[in-house]
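In what comes next, subunit A is part of two complexes: it sits with subunit B in the first one and with subunit C in the second one.
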Partner chain A sequence: MRIDLEDLLFSRDSFTLRGSGTFGAGVHLVSGPVGSGKSTLALLLAELLQPGSGAVRRHGVSSALLLLQFPEHHVTCPTVAEEVRSWGLAPEDVLLRADLVGRGDDDPFHLSRGELRRLTLACAVTRNPDLLLLDEPFSSLDCVAKREACRTIEERGAGITIIFSHERAVLPRVDAVWEIEDGALTPRGSVPDAIPLWRHAPPYLAYALREGARPENIRLSDAREALCRIRG
Partner chain B sequence: MQDPRLRLFAAAVLSLAAFASTAGAVAALAWWLFFTPRTKALPRPGVLFSLIAMIAATALLSAWGGGPGLSYLIRMTALLLLATWVYAETEEGEVLGVAVWALGNRVGFEIGLIAEMGLTGLAVIRQEVEQMRVAMALKGIRPGVRSVVPLAVTLIVTQIRRADEIARLLVVRGYTIGGRICPRFEADPLDVLASIMAVIPALLSSLSLRDVFILVG
Partner chain C sequence: MIEIADLRHRLVDIPDLAVDARHIAVIGPNGSGKTTLLEVCSGIEEPRAGTVRLLKRPPSAVKVGWVGEFPDRTLLFSRVYDEIASTPRFRHHPCPETDERVRAAATRVGISHLLDRKVSSLSGGEKALVALAAACADDPEVLVLDEADSHLDAGTAERVYRVVQESTAAHVLWCTQSMDAAAGADYVLFMENGLVQHHGTPEEVFSALEETCFYPTMWRVLR
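== the complex of A and B ==
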């Protein structure tokens, strides 16, 4: 199971995005500053946008799902329970997973953006597609909810998961890191070898590297462990 | 048409003509062919054809029941084409400018502001329908009769909430009533000609055809 980007080029007005590479099974993090083109790449990979040239080729991927940057854009029903059913899922399981038990009759727009984010993430993960694209899945979440979201992503055993995020504090365990910079998607490689090559790595990883530590993954706990190892 | 005053005048007169009689509607269609960018001012084919299909279905029902189905089809099509032309040509702030020019900074400003908010709302609805289309595609829902009702409810609720938010925002910014703007308009000589010609369909619709043409037989 893999996604190949073949000389992908997308242009709109003065914005251009280009990139090549392969997303294999596992969790990938595509990082980059706000406005760098992460959402555009997510839409291209979801085949909701067509590239100007080049191609996105899916191999062995039978189902794909994109979680949009703004969770309210997913809402198509007037109650939370109906909203879950519109994803083809049973409300009870999903509401439990999203920590929204008893809110089934509420208007989805009466949920906070963080609650709506939890709901859409729970729906997407429960659907368990081969390709799961998560556009800024940690935005609008508090630290506890971010950690819970990370755990949910890490627990997804199979398939390709691609996270598009500028988050620099709470991140999940990933298999590969990519960066978008100056309109170009650059693969940094597999973790942990990718960490020293990650130009805009979170401050705690940069600090660990400066201290001579070699974190095994990109989480704060990995940086702490690596620092503990060298300091005894 | 550059001048929004003349554009809105022409649209109002032609709409009345098209609504009043089939002859007025045919004349309004002729005016539309001569004085508008025609196909360049139309919405996407999918939107246009679905609107025409709705009109045609109603016209068919009317004709089937012995009503004036064909006349309804012609009149409503003329109104639809005029509406899409005015919507495509109207730029932000123009309706407010025309309302203030016509009715002053108090009543005119109020009416203009409401009209501007309505026009902005149409653009927002279009965006939201597009977002819902994407959301449905992501969820694997095929557009159909069963999905129309929840979508319409969600759309209406969102619009009511947005209107409430805008009202609160106006209050927070200290808005009470009226405002002061000095609108400026530029008119092309062709605008004046087109506006004068727009009166002809209105006259045709208010007169019997026998009074205008000598009909054979």
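== the complex of A and C ==
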């Protein structure tokens, strides 16, 4: 299972995004500044936008889901239970997974931001698509909710998961890192080798690297463990 | 000076608080009342009970600049120039002065090249910068930012931080989910369930939060 980007080029007005590379099975983090084209790339990978030239080629990917940056944009039903059914899922399982048992009759817009995010993420993960695209899954969540989202992403065992995020404090364990900069998508490679090449790594990772530590993954706990190993 | 007495509004309950610091970070979980506190302090909402005084005046008598978390929901005009100009225009400044203020604010925020653009064509981060320029265009006495950095990358957040530091505002009330940003404030308020659970210098507040994830990541690795 993989997705190949072949000389992808997308332009609109003065904005251009180009990139090549392969997204294999596992969790990928695509980082980049605001306005660099992360959401555009998510739409291209979801085949909701067509590139000007080049191609997105899916191999062995039979289902795909894109979670939008604002979970309220997914809401189509007046109750939480109906919302889950609209995903083709049984409310009981999903509400359990989202820690929302007993909230099935609530209006989705009465859920807190963190709860609504948990709901859409639980729906997406339960659907278990081959390709799961998550556009800024951590923005505007507090650190407790970010950790829950990370756990849900890490627990997804199979398929290709691509996270588009500028998060700098709470991150999940990932398999590969990509960066978008100056209109180009660049693969930094597999973790941990990608970490020293990650130009906009979060401050705690950059600090660990400067100290000579070699974190095994990108989480704060990985940076601390690596620092402990060299500090003894 | 920001003085709060017997404040009760929605879930926020603050019996007595006086803060005489410039850069005040407001932190805490989602739904803890941070936005409500900022709304009351900026005069957007009248409190159900109690009083808030900024610079010894009620908030409605203070020039407040507000930057919300979702600029899409507060931007009113279709062109960037008109959005930034709305602040001086609503205060009836003459046209030449308005034009000067718009260009100065855009330069300070680094978005002069966007002035003729349509707001709808901007990215989320660019919209946040437009909202910041609009908030700063009339030199507010108090600048209020409600998780304005939630949708910003590090470079853009750094730019917002610099503009806020350089502003002439006597107080900056900044609600954020970035504990590393809050660690750089002069004073921190940690809210939970509508109450100010901890307040003081970053050192004082974060030492009480060391066992939680509300602790700056850089402090964790530097220890």
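Keep this in mind: the second predicted complex is superposed on the first by the 232 of 232 C-alpha atoms of A that agree within 3 Å, B and C clash if a C-alpha of one lies under 4 Å from a C-alpha of the other, contacts with A are read in each partner's own complex, and residues count from 1 in each chain.
By our rule, a residue touches a chain if its C-beta (ideal position, glycine included) is under 8 Å from a C-beta of that chain, and two chains touch if they have at least 3 such contacts.
Small disclaimer: the values here were computed from a predicted structure and weren't measured.
Undergrad: Given the touch rule stated above, what does A:33 touch, subunit B (first), subunit C (second), both, or neither?
TA: A:33: touches subunit C, not subunit B.
Undergrad: After superposition on the shared chain, which partner residues are touched by A:142: those of subunit B (first), subunit C (second), both, or neither?
TA: second
Undergrad: For A:102, select first, second, both or neither according to whether it touches subunit B, subunit C, the two together, or no partner.
TA: Neither partner.
Undergrad: Check the residue A:220 against both partner chains and state whether it touches subunit B (first), subunit C (second), both, or neither.
TA: second
Undergrad: If we overlay the two complexes on their shared chain A, which of subunit B and subunit C does A:76 touch? Say first, second, both or neither.
TA: first
Undergrad: A:113 in the overlay: touching subunit B, subunit C, both, or neither? Say first, second, both or neither.
TA: A:113 sits against subunit C, while subunit B stays out of touch.
Undergrad: Determine, under the contact definition given at the top, whether A:88 touches first (subunit B), second (subunit C), both, or neither.
TA: First partner only, subunit B.
Undergrad: Examine A:232 and indicate which partner it touches, taking first as subunit B and second as subunit C; both and neither are also allowed.
TA: Neither partner.
Undergrad: Report the partner of subunit A that touches more of its residues: subunit B or subunit C.
TA: Here the partner covering more residues of subunit A is C.
Undergrad: Under the stated contact criterion, what part of subunit A meets subunit C in this complex?
TA: The contact residues of subunit A facing subunit C are 13, 32-36, 69, 112-114, 136, 139-147, 166, 168-170, 200, 202-204, 207-208, 220, 223-224, 227.
Undergrad: Please give the residue numbers of subunit B that touch subunit A in the complex, ascending.
TA: For subunit B paired with subunit A, touching residues are 131-132, 134-141, 147, 150-151, 153-154, 157-158, 161.
Undergrad: Quick one: in the complex, what on subunit C touches subunit A?
TA: 28-31, 69, 121-126, 128, 147, 150-156, 177-180, 212-214, 217-218, 220-222
Undergrad: Quick one: in the complex, what on subunit A touches subunit B?
TA: 46, 48, 65-66, 68, 73-78, 82, 86-88, 107, 109
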